[in-house]
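Take a look at these structures.
Next come two complexes built around chain A: one with chain B, the other with chain C.
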Partner chain A sequence: MSARDVIVGRSRAAALFATVAAYCVPLGFILAPLALFLTYSFFSVDHGNIVFSPTIANYVRFFTDPVFQPIFWRTCLLCLSVAVLCVLFAYPVALFLTGLKGRWRHVVLVLLLVPLLMSYVIKIYAVRSILGGNGLLNRTLLALGIIHEPSMLFVFNLNAVLLTLTVLLIPFAILPIFLSLETIPKALRHASADLGASDLQTFLRVVLPLSLPGVASAMSFVFVLAIGDFLTPQMVGGQSGFTFGRIIYSQFGTAFNWPFGAALSVILAATVICAIALGSLAERRRTAR
Partner chain B sequence: MKSTISTPAAMHHARTVGKTHAGSALLVAITALVFVLLYGPLLVPISSSFFTVSHGSVDWSQPTASAYVALTQNDSVLAALRTTLIVGLSAVILSVAIATGLALYGCSPEAKGQRFLQFVIFLPFLMPPIITGLALLIFFREINFERSILTVIIGHTVFVLALVYRTILVRLQSLSGSLVEASYDLGASRWQTFRLVLLPNLAGAMAGGAILAFALSFDETMITLLVTGTDSTLPVRLWAMMRLGFTPDINALVTLILLFTTVLCLLAVRFVAPVKAASGGNE
Partner chain C sequence: MAEPGVLLTLRSVTKSYGGTAILHGVDLDVRDGEFITILGPSGSGKTTILRLIGGFTAPAGGEIRLDGQDITGVPINRRPFNTVFQDYALFPHLTVEANVAYGLVVRGTPRAEVTKRVADALELVSLGPFGKRYPAQLSGGQRQRVALARAIVCRPRLILLDEPLAALDVALRHQMQVFLKSVQAEIRTTFLFVTHDQEEAIAMADRICVMNAGRIQQIGSPHEVYYRPSCEFVATFFGDNNLIPGMLGPTSGHRRSIETSLGTLLCSIKGQPALAEAPVGSRAFATCRPEAITIGPASGAGAAENRIAATIDQVAFGGASTMAFAKAAKDPSIALRASLQSRPEGSAVSAGDAVTLSFRAEDCRLVPA
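So, the complex of A and B:
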């Protein structure tokens, strides 16, 4: 028996009413817009007017046009790099966190998660102020004499997008890795040490393999957030840092081709679903073991 | 402490502890670096908000609060702040009400297609916001719903619903069924049971969900950018300002927002953390 029996002894009509009421918001304001969006991807545009007759031309265009696919794959590669970088930073932090106890652990965890609720736009802006041509990073490098003129390597290009996204998304990678490290029984580590393994051996052959599902879900998490992002590439990407998200957005702005934009979004959604599926597959393999 | 142990295994363990120093120093160093990466960039706008900027570089010679004073006279910022608060509060009220209803329905025996319903509720949370935003944009256009503050409120409600729903559902499922049974046995009506038994028990989760929802709404940019009419919320206003460059009024505004969100975040931790601390604390 649980709280689920709150609503007992109700008439059929009331039950029907409850069902209709419960479904109206999710169906009306979530599923309907998304379904309409999907439908739009099969329309086309003629002289600025949307033609409402079904066609797969938008998808054909994506797969045949020499412009869009390279940007798509480049964006995927970029987001994969972001995911790898985030994990490289997040793993040691998560490992450090598991070694902490009591109050400290709580404080450090909260401090690592506070940036998640901080304004996304502000974080991009803050990172940009460091990466800019006249930014802190360039000025520091100049002052240290490492470079002699401001480096343009990370100013308004894909590198800037890569660095900014990495900084913004690290906290998202820490949490899943931390949670998976937490589930490894201490006894396993002790057993490994008792059998004569060094700490490094214990880490490489016991802890690391067991935490890989966490790494996989961290990577899929970061990848999904990075590939769906439009704000970061728009703010720090400049002219050359064109990503898939920016292409989609431009279809609704300057290019004014909503159906094509919708088709590109469907491809984005499919990519996101694949990434989530891969992530949870790795998670499930662990529980099956 | 380690000197008193005598079993071979424990001694071996004690020996390996010495070797971990290099490893743990590395962990501390990387953790410190991550903290610098997460918080360091924020110090730039915060510290430069107290100084004037000329020709793109900060004049560090004289601290001033003029940027903050200027903000109080910046009508577009004040209007954006008002819009943000209206949108945030409306989205909180709507999402908490809808989420509570959905959670109660989900826990009732008559619930149909619960998994499907949950899946739909979580879609805007799983999908990139650009997709949710564009879908709503097309939807509003198709049903001839003029873009305004109302469309922004709907967009935010849809976006935050999943998290609020989850928070309330988890609490509801953890409540013992005997509570409700006892209430009925004592002759309470369904409404009385809800108001006097369930609601007080759900209040914490609802408050936590409300704070989370407000924090999310306060920060939401992408969906707002797409579905807003002429009103802009604070992040959208900031977004427009930031494209122009690095100025003291942006920095002052950024500082105030950071201050506010940090307080909000600590509040959220207080309300949501008991659950987290309980599950994370026992090793």
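So, the complex of A and C:
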């Protein structure tokens, strides 16, 4: 064996190792916990001790107990509203971004993405202080004479969760919409104008339909991030802002019922997978043509 | 105001991008119902003219008139012109029918009329059965025809075609040339066709406008532009040509002589009055197409006015015709070419032959240097 063969052999072994590692890391850190969850969801708890014998009691409880399903559906509705609101706010911003030229586009894009670099908890506190009794929102409304005493409508309830999640997740909606707007060839807008369409007609008939794949992925993006979030509802939701994420959190924490928490997590994961599948389905149906 | 028969007029139109002048004062009359081709190499400003007429961009100076009315400031969506784009620019999310209907729908045409006109337009471009398909499901030639139908259906005063055949392969391109020409003859709408392909221009146009470096070099019928080039650029841009430099001699009637290093040549100036006025001694070229040159034996006599002794350098078979490359005996720096009809038994001349190249004064034209 020559020196060259040794080197080649060694680099080949290194490559093999890298490949194995590349597949093993996600396998170990993502799939294994998921599998563990799935397994735990079929166990039960007796006086604080986990009973390791398979049962579907946890799932039966979710589907029969009158407490959980309403919260589950309410959370889905909440996150759907967050997704819709985010898209409504993000679309004009993305449209504005595509209209910018050269350096300004990068500057604005970076400014929009800066919040993503900040700590999530700090951002929640910031939004909470805006929405609170002495917050910017209340003081503005008071100054404008719309209300006469500070309103508590915006904190420690579902409204607060809705508003906070929307504010925090808008950047995630801007990017996919911006990217899909960017892929629309300029020639199509020219062709539309050439055929006699006004700017508004061009937007409604060409730009908007062609950007719908981006809207679909933005919505599924935001929905998934919102439904998995337990921190925001915990911090701004108060007593009435109870969401599915908080229930799961309480099962692992206060209730110390890991198997039931695992079962609820599996249901949440299934919901997330459905949302992603729906989003990419809508995306593919549009782009297939 | 408007001259009879003139649809569109460009007067001293200029355009520049980022300080670089693209068009230097273009004057052009587009006649109603004609098929006019703007021909030029890339960067000559031909597409800029189309974009200015279409309203995609505004001129820096000059004006554009439609029926004598200034339309320079009219926005793109209010001009009665439609464009067939180079890359088709079909709407990918709409069916063929909806693509064709687009221009009518945005103008609020009643539905029944839209349906009928779309069906007629698709029939005209022989795409009747393809209405329900999406652009991605069509071939390049079919998409091209959808783009054409989408423009025709709006019944514009003028259809602008921006190198629409550039993306097609040769066979399909020839087919589409014939097709476009027949459609234009049928609907009698004015077509303004931009291309860089001389053969395409010659095959399709009623008139050709040759452009170079932001200026119009010559406007005329394909025959005129081919046989009576007005400048050196046009003379060399179209196909093969012989250019012999020299100095102008005296004029006699429709003929004028030119002194060249190969002797005095006699050229026709029929229909080119400006050339009769040019002072004696000014520099010019005598031009003669290869197919007008006859190759004869070195000692032979003939009726043609111009005779040049030469040696055959090379003979190249090119299908229907064979091209003979020759060097003039008096000045070997001047290369001449003559085309012969190809024959199955092979060419009558071969490399090294001493010959006489002869051509009539009628086949020889003068071009100012």
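Keep this in mind: the second predicted complex is superposed on the first by the 260 of 289 C-alpha atoms of A that agree within 3 Å, B and C clash if a C-alpha of one lies under 4 Å from a C-alpha of the other, contacts with A are read in each partner's own complex, and residues count from 1 in each chain.
Note that a contact is a pair of C-beta atoms (placed from the backbone, for glycine too) under 8 Å apart; a residue touches a chain by one contact, two chains touch by 3 or more.
The structure presented is a predicted model; accordingly, all values stated were derived computationally and were not measured.
**Q** Contacts for A:Ala187 in the overlay, against chain B (first) and chain C (second): which applies, first, second, both or neither?
**A** second
**Q** In the overlaid three-chain picture, which partner chain does A:Ala126 touch, first (chain B) or second (chain C), both, or neither?
**A** first
**Q** Between chain B (first) and chain C (second), which, if any, makes contact with A:Pro209: first, second, both or neither?
**A** second
**Q** Return first, second, both or neither, reflecting whether A:Met235 touches chain B, chain C, both chains, or no partner chain.
**A** After superposition on chain A, A:Met235 lies in contact with chain B alone.
**Q** Quick check for you: in the superposed arrangement, does A:Leu278 touch first (chain B), second (chain C), both or neither?
**A** Neither chain B nor chain C is touched by A:Leu278.
**Q** Pick one for A:Ala255: touches chain B only (first), chain C only (second), both, or neither.
**A** In the superposition, A:Ala255 touches no partner, neither chain B nor chain C.
**Q** Residues of chain A touched by chain B versus by chain C: which partner has the larger set?
**A** Of chain B and chain C, B contacts more residues of chain A.
**Q** After overlaying the two complexes on chain A, where does the chain B footprint on chain A coincide with the chain C footprint?
**A** 190, 193-194, 196, 198
**Q** Report the residues of chain A in contact with chain C in the complex, numbered from low to high.
**A** For chain A paired with chain C, touching residues are 185, 187-188, 190-198, 201, 205-206, 209-210, 286, 289.
**Q** Touching chain A in the complex: which residues of chain C?
**A** 54-56, 75-78, 81-83, 85, 87, 89-93, 102-103, 106-107, 134-136, 150, 154
**Q** Could you please specify the touching residues of chain B with respect to chain A in the complex?
**A** Per the touch definition, chain B meets chain A at residues 9, 12-13, 16, 19-20, 23-24, 26-28, 30-31, 33-35, 37-42, 44-45, 56-57, 98, 101-102, 104-112, 117, 120-121, 123-124, 126-132, 134-139, 142, 154, 157-158, 161, 172-173, 175-181, 184, 190, 193-194, 198, 215, 218-219, 221-222, 226, 235, 238-239, 242-243, 246, 250, 254, 257-258, 261-262, 264-266, 268-269, 273, 277, 280-281, 283.
**Q** For chain A, which residues are in contact with chain B within the complex?
**A** Against chain B, chain A makes touches at 1-8, 10, 15, 18-19, 21-23, 25-27, 29-34, 36-37, 40, 89-90, 92-93, 95-97, 99, 102, 105-106, 108-112, 114-115, 117-123, 125-127, 129-130, 132, 134, 136, 167, 170-171, 182, 186, 190, 193-194, 196, 198-200, 203, 224-225, 227-231, 235, 245, 248-249, 252, 258, 261-262, 265, 268-269, 272, 276.
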